[in-house]
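Per-chain residue numbering starts at 1, and chain names A, B, C and D are given in the order in which the chains are listed.
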Amino acid sequence: MRTLAATETGSASRRSNAPQTVLRVAVAGATGYAGRELLRLLARHPYTRVTRLMSSGRLEKKGFPIEHSHPILRGKFDVLCEPLSLEGLVPAEVDLVFLATPHETALDLAPLLLNRNVRVVDLSGAFRLKDAATYPRWYGFEHHAHQALEEAVYGITELNAASIRQARLVANPGCYATSVILGLAPLLKKGWTDPSAGIISDSKSGASGAGRAPSDKLHFVEVNENCRAYGLFGHRHVPEMLQTLGLAEKDFIFTPHLLPITRGILSTIYVRLAKSRSAEEVAALYRDFYSQAPLVRVLESGLPEIQSVAHTNYTDIGFALDRDGQRMVIVSALDNLGKGAAGQAVQNMNLMFGFDEETALL
Amino acid sequence: MRTLAATETGSASRRSNAPQTVLRVAVAGATGYAGRELLRLLARHPYTRVTRLMSSGRLEKKGFPIEHSHPILRGKFDVLCEPLSLEGLVPAEVDLVFLATPHETALDLAPLLLNRNVRVVDLSGAFRLKDAATYPRWYGFEHHAHQALEEAVYGITELNAASIRQARLVANPGCYATSVILGLAPLLKKGWTDPSAGIISDSKSGASGAGRAPSDKLHFVEVNENCRAYGLFGHRHVPEMLQTLGLAEKDFIFTPHLLPITRGILSTIYVRLAKSRSAEEVAALYRDFYSQAPLVRVLESGLPEIQSVAHTNYTDIGFALDRDGQRMVIVSALDNLGKGAAGQAVQNMNLMFGFDEETALL
Amino acid sequence: MRTLAATETGSASRRSNAPQTVLRVAVAGATGYAGRELLRLLARHPYTRVTRLMSSGRLEKKGFPIEHSHPILRGKFDVLCEPLSLEGLVPAEVDLVFLATPHETALDLAPLLLNRNVRVVDLSGAFRLKDAATYPRWYGFEHHAHQALEEAVYGITELNAASIRQARLVANPGCYATSVILGLAPLLKKGWTDPSAGIISDSKSGASGAGRAPSDKLHFVEVNENCRAYGLFGHRHVPEMLQTLGLAEKDFIFTPHLLPITRGILSTIYVRLAKSRSAEEVAALYRDFYSQAPLVRVLESGLPEIQSVAHTNYTDIGFALDRDGQRMVIVSALDNLGKGAAGQAVQNMNLMFGFDEETALL
Amino acid sequence: MRTLAATETGSASRRSNAPQTVLRVAVAGATGYAGRELLRLLARHPYTRVTRLMSSGRLEKKGFPIEHSHPILRGKFDVLCEPLSLEGLVPAEVDLVFLATPHETALDLAPLLLNRNVRVVDLSGAFRLKDAATYPRWYGFEHHAHQALEEAVYGITELNAASIRQARLVANPGCYATSVILGLAPLLKKGWTDPSAGIISDSKSGASGAGRAPSDKLHFVEVNENCRAYGLFGHRHVPEMLQTLGLAEKDFIFTPHLLPITRGILSTIYVRLAKSRSAEEVAALYRDFYSQAPLVRVLESGLPEIQSVAHTNYTDIGFALDRDGQRMVIVSALDNLGKGAAGQAVQNMNLMFGFDEETALL
């Protein structure tokens, strides 16, 4: 064992020059699955301290240890989980609030926090769509927080890093949306495909994406040894995909499926290229596009699978071309609780506060 | 049970040479998992016709096609599922009622059906314990139907066949209880073990055994990739095991576990034999004991596993002896929805009405 | 097929009023998963008797009880499983041979059996493609049995029933192929879609479809909590889909995926209709098309899921239309071991020998 | 965000005083499941650098990227995985070698490495049993490395920390053994139970514990929707449990079961206390016993489950007492790849080289 200069130390080096400061973080909606994963990541984050845990989903009037809700977190947090409230969410006490609450709750809370000058990463859909008029159709509520909506930055880290660094309010993308957007962005941003030929994403997700509230459809026996499609031509993540990719609704079909697994999304995406391309050309396009994105892995051969990204913050992307070089299938894989939710939220936090992008995410 | 022309017999009619008597059967509690399995088996039974389907668990005021609750049954039954009621449950219209309802509902219904002279197979626990005084402790209610309780026959088919044939009310055993009783009966009935040395059953069950009502604990994400013990020193199936096997509570430990599978029970049972025995002696004991039981399979070598009995009505039993020939581990496997519930209920019906024991169960 | 006294009929004997003819059946390839399922169905079939079991995959020189390979079949068959051989496969001893062997074995055996005038249902791919010249590309071997290939009837029961009834050699379809063909046939046979607009089937299958031979990719840990695409633009079931549906390869994309379940296929199929249609029109098309097909269930609302068809011989088909009435998603579900393999084989046998189509399949 | 002194920073503080040195680590047996998990943990460890990857299980003559074997590690290690060799395993190049190889390979390698003065953590069973004479019975080979065996320290971290700190060769315990030993140690070390009354551990493990080599028994279809017992009265982990707990073979039964999950062990352990105890007394005993063990969590109420420890290095321990206070059931849960293998190996490495015990394990 010899002593190395920090610059020699490989994976260790990222931490060695980090600031000796600690970010004070609150998590609202701590008892859900995204909350659980967020807390697992934050427990591992060397420069944050969780100072507030809140939940609206539990009726307890008094605070309770978060391990009552998430036994895996036993012993990790001293602070109790309390009923949702704005008390203490002020810059003197907290630097960042993660909202892992229902959309409607986030819609109410985020503007109040911005008014207090507290930064927010919102994991709900309340601030993802730039056009407030689209909310009634897709989310079933009128969007009244126009100013916050205008200020919000859509937090797809790899595409919007510069804006995220400055943002006071980051609208963390949906899990399906992240997998589809990252899978298609290189082609669409570079104009390699004519969208009017039609693009289809056939996506498959683990059951944690459906949230923790018990229901007939999420009973173990109903999900196990099963697979089903749902939300055809109407899933709520569609508009953020259209908006980010610049697609028209008529040119895009998105079909989500429920898999009998806990975590992970696989999106199989069908496109027709504007002209014939070789596999090398396509691979180069993707590699270049994501050359600055340490958490997107472009596969030079083979296809991604869920197991290679579960419990990580990676998005793996691969593809296959027909012999004609025009019909292309892209496969994109990520962990719906990782890059699809809590991991991307932490990644965005890292950008917002100047930490290395991958901190706590390796 | 009346004699029908083949053209009248509905699902049975396809088997045109079947005996020209058809048992008219009602199922109360048709929307649960035991109800579903019962209906799958009855749809295959050549000598029964399901004439009434009822459910207390659904709020629909009018009848609905059972496939709304069980899509797998699509197209199999013409009769609608209606709110629970005694209307029409009279000998002129129905020969047998299966109660797959909550215990309390069965407690109320069974005596009324007996009064009308309609035979009953009750899949709940309401009539399993002969001593009414034990109900408050184990089931949380006072047992007021003493006469029916006295009349009830505990429906462990292989041990009580003669009584079951004559019974008007059969109390179908619990799933765990069936696996433990069949695993231990040869030893205990033949006095090969001294129970005061202590007997332990460490049992594992699939999630369908917990019923269909959604709950935190049965969410897919909570059951998947998990295993947990529950109900230590207090599971409701214990008293029927003690009663049937003639064991004292202090001499028996039963620990159930939840497995991340849909169906199946494996019980690993630990006993000490009164004296050293060879494997051949033990195998002979079990083979002889079950020589008239076509649906119990004694393994001459190897151990049973859940997969070999899932979707069947078999109970597979195997064992291992320590080198001393005194410490013995019995492994018993069955399908909690099959032999552990609906299959045994149909097996009991077969006895009650003189059909071959295995009809519809192969 | 000779007429037997009831006392001679083995497992069939219990159904004492069954017709007194018993079909004598041999199963070659009994130790695989399709073989297992075939035997489970045949054990339930009132008019067949399994007289020969053979396996090429086991090295035992002598016969062994089939329960050594399939413990679930314990006690069901007296006949031993023997090394593959043509001995005794003559009309005097056997009426039908099921081939559940590798393609190459079936290619060799089927012509020999036809020469002896023994009828064959072949579950392999050896006789599915009418054009012998396509075999090297898709199956990797030269097809030398041209006469048998010409005679073979593609056994998609619902489309080819009349020919199957007369066939001496039925080429039982692939599991994926069955789900895609039945999902698309009404549209394509009736000309409701312009195939040149492109048709995509994104299909998902349980792991039993990959066969029983152990491999890195089929280790429990590799399949569990995972989902992956494979065989892009090159799966072996594609040519039988093209051939049966009359599609050109350039107009069709098929992407299979491996699901972490044991049995079941879900195909999500994307088509563009030639003109706008209402949901009622489409539903009527499908209902009419399958009005004589008792084992295809067209859903009037909702979508099929794997659980509703697993352990059955049904194919469930549902669909969704975009608001424009032109973009359509068809979802087709079946059990890859049931309708996708052994179930359809038994269904075809039922037609070939004049039994009710659903015998042993309910 | 304010600047904190290191002592204030909670979870971050553990890292802040760590040395700016980097441990050079080699992993032999990198392509198995324990190897994979080891690499995932090491990639997260701030003070180690993986300088050599080796595998005996692959035939490649040249090195290959480890992501070919473990796609989840894509991009994490620059060093290629090479055929197993002692070249370069010298103190000038490597500080520690993890052996995640077959037992026989470890038996050969460890003494050679000790001779070179390279420290070793051996994840195989080759050095777990102090009595060389027991190897033929339990492992099927003669143990020829007596000197290394004598020197080896059994690496159950919580019981042997002081010796582990000094050890040159740590024999990392078996996964089952760890769960049973940690569950029983407080009772047995403090004499609260009379072992001659008999102790039983009914243990359940995920399939990754069986290793990565494909086999009939580990095919997805054989493990899924199944549970089976195996290795009765003869599992290889028994002697290290007996040795560490000071138990006689005749007083202990261990029955392992295979669960249809990827990772995790649950041991349900049955003991009789020497005298009646209250739950408070028992809880206090366990709490005190593990008061210095940050990675053992004693539950004050409720029972552990696998999900709460999977993907962690924790061992969770809970218990239930019968009303008499003498019959006790202990439940112990851990991740067989975490605390049961790679996690404990890293924990031991942390002790050996003076890092905080939990480094990379949170």
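Criterion: contacts are C-beta pairs under 8 Å (C-beta built on N, C-alpha and C of every residue); 3 or more make two chains touch, one makes a residue touch a chain.
Computed from a predicted model, the values in this text were never measured in an experiment.
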| item | value |
| --- | --- |
| Chain at maximum distance from chain C, centres defined as averaged CA atoms | D |
| Contact-richer chain pair (by C-beta pairs counted) among B-D and A-B | B-D |
| Mean-CA-position distance for chain D and chain A (Å) | 34 |
| Mean-CA-position distance for chain B and chain A (Å) | 46 |
| Whole-Å separation of chain centres (CA-atom averages), chain B against chain D | 41 |
| Numbers and ranges of chain B residues touching at least 2 other chains | 222, 224-225, 260-262, 304-305, 307, 310 |
| Of chain B, residues touching chain C in the complex | 11, 14-15, 17-19, 43-44, 46, 71-72, 74-76, 225, 297, 299, 302, 304-305, 307-312, 314, 316, 356, 358-359, 362 |
| Of chain B, residues touching chain A in the complex | 33, 207-208, 212, 214-216, 218-225, 260-262 |
| Footprint of chain D on chain B - complex, ascending | 198, 200, 202, 204, 206, 222, 224-230, 232-233, 250, 253, 255, 257, 259-264, 266, 268, 270, 272, 303-307, 310, 320-324, 327, 329, 331 |
